[in-house]
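Written below as structure tokens is the structure these notes are about.
Chain IDs A, B, C and D follow the sequence of writing; residue 1 opens each chain.
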Amino acid sequence: MENFFNIKLSFLFDPLSIFFIFTILAVCLASGVYSIGYLKGKHSSGKITYNWFLFIIFIASMLIVVTVSNAIVFLIAWEIMSLVSYFLVIFDHKEPKSIQAGAIYLIMTHIGTAFITAGFLMMHKYANSFDFISLKEACIAMPSDVKNVVFLFLLVGFGTKSGIVPLHIWLPYAHPQAPSHISSIMSGVMIKTGIYGIIRFIIFILGVDSIWWGVLVLILAGISCLVGVIYALMEHDIKKLLAYHSVENIGIILLGVGCSMVFLELNMPSLAVFSLIAGLYHLINHAVFKGLLFLCAGSVYSATGTRDIEKMGGLIKKMPITAFAFLIGAMAISALPPLNGFVSEWLTLQAFFVASLTGYMAGLKIFFGLCAAMLALTGGLAAACFVKAFGMIFLAMPRSGKIEDAVEAALSMKIAMLFLVFLTFALGLGAGIMFKLLAVVASCSTGINIGAMNFGLNNFMIMPGAVSSISLSTPLIALILGVIIIGVYLGLGNNKSRKYSTWDCGYYKLEPRNEYTATGFSKPFRIAFNFFLLPYRKVEKLRGSLYYIKSFKYETFTTPVFKKYIYYPLIGAVLHTAKFMRRLQPGSIHVYISYIFITILMLIIFMNRF
Amino acid sequence: MNIFCILIVPVVLAVLPAVIKRPKTLGVLNAVGYLLVLLGFSWFILKATLPVSFFKLFYIDSLSAFFIFTISIVTFATALFSIDYIERDVTSLLISRNRARAYYTLFNLFSLSMFLVPMATNLAMVWVAIEMTTLTSAFLVGFYNTKASVEAAWKYIIICSVGIIFALFGTIIFYYAASNVGVKSLNWLDMVSAGKGMDKNLIKIAFLFILVGYGTKAGLAPMHTWLPDAHSQAISPISALLSGVLLKIAIYAILRFAVITNKCVGVEFSSKLFVMFGLVSLGISAGFIIIQKHMKRLLAYHSIEHMGIISLGLGFGGVIGAYGALFHVLNHAVTKSLMFFGAANIIKKYKKDNMNMIKGVISSMPFTGVMFILGMFSLIGMPPFSIFFSELLILMAGFGKGLYLASGLYLFFIVIIFGAVLYHFSNVLFGCKPIDMAVEKECTSVKITFVFLFILMTALGIAMPGFLNRILMSSIAILQGV
Amino acid sequence: MYIFLIGIIIMAYSMVTAKRMMSLIASFRIQSVFLFLATLFMAMKEKSPELYIVAGLLLLLKVILIPNFLSNIVKKLKMNEGIGMFLNPLVSLLIAVFLTYLSYMFTTRIIAFKAEAQVISFAVSLSVTMIGLFIMIFRMKALSQVIGFLVMENGLFLAASALAGGMPFFVEIAIFMDVFVSVIIFGMFIYKINKLFTHIDVSKLNTLRR
Amino acid sequence: MQIAKSNLQNSTVTIHVETLFIIIIAPLVSGIITKIKNNLRMRKGQVIFQPYHNLIKLFYKEEVISENTSWIFRITPFIVLASVILAALLAPVFTIMPYAGHIGDFLLIIFILALGRFFLALAGLDAGSSFGGMGSSREMFLSSLAEPAAILSIFAVSLNAGTTNLGVIFGLHDIKLSSIIAGFSLLMVAIAETSRIPIDNQETHLELTMIHEAMVLEYSGRSLAFIELASHIKQIVFFSLIANILFPAVILGGNIIFNIAVYIIGILGISAAVGFIEVSVAKMRLFRAVDFLAFSFVLGLAAVVISVMGA
């Protein structure tokens, strides 16, 4: 067997791999520490050991995936990763929802794997080896139509794992059901292995062959951004909301990657490197702050026992550390300076700008402009979404009794969250250094020598000198903001003030019921995007008499477009065929014998066709 | 000469029930006997230089050695599992002690006939032996004498006999073709040597008859119809034997003829047929697995799928494809018997076969549950288990040969079946168990069985033992007719 | 020689048209007799002792033992009523004739034999086999299926002896034994079915489906 | 490297001077606009220095803080103020700043303003009154829709300039059609961002139409003063962006006095325009505002297309 696969357990520690190793380890360290406090008391000790067992395998498999240099071993590790994460999704295996979620997740990811396998085998046909280097060499000689097919297969395969629209449907099922520290790994790191696959196999090994690859990736990425954030806005289950934001952020990462694919084809090396840097930067940023947010969500969940943000509120007083951590995470993901999310989105926008400045195709220029606009819209919506999330969870008065006995998270959980907060700041303020490091990564994965391009001369500011004269310095921004805030506060901050209840419009007293709800908050967006969300409402009136309504219940829903118009029809078709085929086996022995007769007859008649 | 212990042991064990009355003792002796067979044969293939032949009646080359090895593994596991199973049937008054003894007799006759198939030199003898397997196992299918089981048995025996008649017809035509070129014998070696000169048309027709005939036995769609009934109604250890070995034996017979055919009319003919039957089997099994409600029937259809995969591998051909197919034979035998034993335990525990009514197996019977879920993942082709690799090899062969459409369909059906099986079984395994149900404590022999099979299916995935590799390679050489 | 072949095919037709179990068995017996005669003829022609023995066995098993056994079953189960037809005798007969024609075409077109004797005998044996299959498919009762099986087997035997002058000796013996045993087992199952279902109409055995 | 540093220093000096200037005159602009509006309505109207009076008055007033609120509510005014001041630092006024992009560039202004808005919205939710929530929701809604339009118009301008570097952009020596269109699209964005009719109305506190005012409803005293000042500054930042696009300061040589004159004229012109719009247009419903912003988006897109065409 081995002699056919010529499996040599060889590893490849180029900058790309090392970058991913660091990303994985950072997040996994945090969530590992977190899980100590998170699982204690919730589960039996046996269950906890089981969790650790899976946890270790999970991390190991991810590390193998990003370091191994043999396609078959990659495939094996990939499958094991999916399998282990499946077991972690159904960690609470008595809950029907998690069973369903796990099934959906594993099936989707297995479909992806099928595509990946097909792609690999097509490459293998030309390379006669599964070693990355020989694959890379073989791909040079590959005919371009085969290349296109392989590209599509790999894109679908890895896209399923990383959850680009419309293959994203498993995320909102799987992420909420897994234990929070696992969902932070899954959303923070695991889906990034898909991006790794895209960079490694499409950019590094296959090599970009024609311009529509990059454009296709960009379009998919843009759609993912918008769809993800719009669904997130409609979502009131905190972990589902975060899951949809993963879809959005994967989109942003892919914007960078796709951009660089376009430039590789147009051979503008410096731009290709620059936009790949943007993508990679957002990748690690998202890993950090999404991990952070999921951990915070986890501690909120374990404190209140609910994931519905409509039932929360006022938690900032009960659990200040968590609130602070969540705030930082929210700021980072809404791309507010000087935090890390801002840097990477700024870089991506820069990539588009500079691209269209130096690009020479009119169509591409306009396309990039639209991409930039889409990214801006996404950023705005994301900010809105996190204002909603933070406001509903932590601010104002508690909206339900569940909040009363909430307490701050355990020590280990706090440590984990603060560690990630620290990373968020570090990645934001150390942008200059990160930029330089990522330049090396990008150059290795695109195979472009950046010696000539003076990327990042300065440690305190990003100066993509090769592509444009502008520069960005997050430390300086932080400094100025800090100076102004502290200055103003010290100078003019102390003022006589007194406490009094909120203005209640002359109502007896202000109750939680008067507060603005998440549904209300997201209503303008629901109406503005109704062409896509197709919202509908359910109104239940309980009439005492014709004129008197005892109780009035109003619910609003949005149509899950992709499920309704893509997945349900597909599944329906398969089931229908199966039901039809059932007739083939009526249970009558005579029919069965006649099958044999007919088969032999047909075979003899068409004998000479074979 | 220890090769004869393989034949002697079943004979002895078959007559043993006449003297020993206690089912348990019988079961233990049975298990010990088959352990001896397994060890003896492994020793044989490690030491002896193949091929060996005994006074023109028995001829064992690597191909048959490989199949005998598979049979001995599964029979041993089944014997071990039967001890407790039959014991519990007896204690729960499902069957009388005499029926239990009859079971052991039939079991041994069945396995004897199966051992005979790969050993026989003479192709007509192969035919006779296969017919014997049908006749002996028919009683085991109808073992419980319920309406359903007798119906299943009748369908099984009739359909297989019809198929087998076709096979005999094919054999006769082969014989005729051989005698035309002056080889008046049904001896495989002679026929192969005569293969070149035979009349192409005759051989083609003959091979069609063989394929349909033995294909009926091997459960290739659309002649598979007996299979789900028989597998689901048979007494559970026997379902493992049926699906694990019986089908493979028919494949073995087909292979023997395929070699001659390839010699005569070239590889294209048989490989096209194999691919066609493989795809049809895959498609049909996929359709039926999706809507399946009964656990053992689902497993049965799953066997059809795997026979399809094997035949695809043979069709894709080349060293890789053949290797994958043969390797898959072994893997499927091991894994599928594990699954059937698990299903047997579950059905015994829950007293029902309908998967909609079974929930929370993991909590109600932890050991079986864990083994079952691992077996399931092995069965639907997840690494690090062995089936993943054989399926991958076959796929590789398909792509290598440039049969993109066939390989694509193959992948497609595999994925569909993956989804369906996962969906069905995850609902069975997880969830809350019935409140009043006690947690099961499996007895040692059962545990040993499971662990034995589990180790095999994992170890084969992780590393290929050298002697097995050697045997497979030389059997492929035989298949390629060198 | 042709006499016997014609006799065999005629008997096959009569089986197709037979309405009652007993007549079915009887015509099977006669067909076996023809087969026996054919073998004997060949034995005399080739003067091979083996063929004599084969013929003897044929006489013993197919002419005497098996038909008796079957008719015993019929008597015991008191079911000498109709054998349950999906198609009425006339249509069945037409189909049978068509099958014969088909097998003749098959023999002449696809396997181009040289000797005419072979053509005829092979065509006859093939058509007998087909007719046996036809009986298995279009007759409802379990017993009729058994007889269909036997008819197919007769066809094969004829094919074997006609084409290759009979299989190797011990193979013939083994096949005979095999057929005999299988018929016995069929019989036992027929008893079982009758016990459990109180009829042997296998077309009603369709609880196991999909 | 050295050069970069030295330039950094002298440019930061100029930046500081200008920044102080626009921070000081920021309320004045609001006052002027109000004056213009009043005059257009045939009223006498308050003196143009009224905003300063308001600020000072608020500055010494006692502050009432809702007991539901958290520290978010307290730090928000400072963050908002800081963010707009930083934006003002970045904003081009009347000098060509060859290295103005050392802290950041054009895009940074948008991100910085987003920072302030984010906290303001949180503060709006913090008090737990339904108005605050409504205000934050609508504010985030409108701004998120406004952002793409802003980006596109900036995109067009920088396409003309060939860079996103502020100094270079506003050093561009000829007015192109696309720049003018982009300027108008940016003007519409500015109207939305500075909460003026037809999107919002600063004057009324009519419950259901408030957007910006609703958000800051709970603030009083000094914090309110900070927030008001912040919104003045934000407004002038936008105005000076537009002024520099529509009336590039350096059409004829880099004479600083001339530049200042042009700049002031530009600001006054824009204020007049805004005032005129405010009196002549009725306030739109929230979901008409979507169309308004969509129109500005389309304008921006048109600007991009035209500048790609090369006009």
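General observations
To be clear about the criterion, contacts are C-beta pairs under 8 Å (C-beta built on N, C-alpha and C of every residue); 3 or more make two chains touch, one makes a residue touch a chain.
Everything numeric here is computed off the predicted structure, so don't read it as measured data.
Among the pairs A-C and A-D, the greater number of C-beta contacts is found at A-D. In this assembly, the C-alpha centroid of subunit A lies 70 Å from the C-alpha centroid of subunit C. For the pair subunit B and subunit C, the distance between C-alpha centroids works out to 31 Å. In whole angstrom, the spacing between the mean C-alpha positions of subunit B and subunit D is 78. Of all residues in subunit A, those that touch two or more other chains are 582, 585, 589, 593, 604, 607. The set of subunit D residues touching two or more other chains is empty. For subunit C, the set of residues touching two or more other chains reads 110, 133, 136, 145, 202, 205, 207-208, 210. Contact between chains, as defined at the top, is found for A-B, A-C, A-D, B-C. Interface residues of subunit C, counted against subunit B in their complex, comprise 110-112, 129, 133, 136, 142, 145, 149, 152-153, 156, 159-160, 163-164, 167-168, 171, 174-175, 178, 181-182, 185-186, 189, 192-193, 196-197, 202, 205, 207-208, 210.
Residues 1, 59, 62-68, 70-72, 75, 78-79, 81-83, 85-86, 89, 101-105, 107-108, 110-112, 114-115, 117-118, 121-122, 125-130, 132-134, 136-138, 140-141, 143-152, 155-156, 158-159, 162-165, 168, 207, 217-218, 221-222, 226, 286-287, 290, 297, 300-301, 304-305, 308-309 of subunit D are the ones touching subunit A in the complex.
Interface residues of subunit B, counted against subunit A in their complex, comprise 154-155, 158-159, 162-163, 166, 204-205, 208-209, 211-212, 216, 222-223, 225-226, 228, 268-269, 272-273, 284, 286-288, 290-291, 320, 323, 327, 360, 362-363, 377, 382-384, 388-389, 392-393, 395-396, 399-400, 402, 407-408, 411-412, 414-416, 418-419, 422-423, 426-427, 429-432, 463-464, 469. Subunit A makes touch with subunit B in their complex at residues 1-5, 72, 75-76, 79-80, 83, 90, 93-94, 96, 99, 102-103, 106-107, 110-111, 114, 117-118, 121-122, 124-125, 574-575, 577-579, 581-582, 584-585, 589, 591-593, 595-596, 599-600, 603-604, 607, 610. On the side of subunit A, the complex with subunit C involves touching residues 582, 585-590, 593-594, 597, 604, 607.
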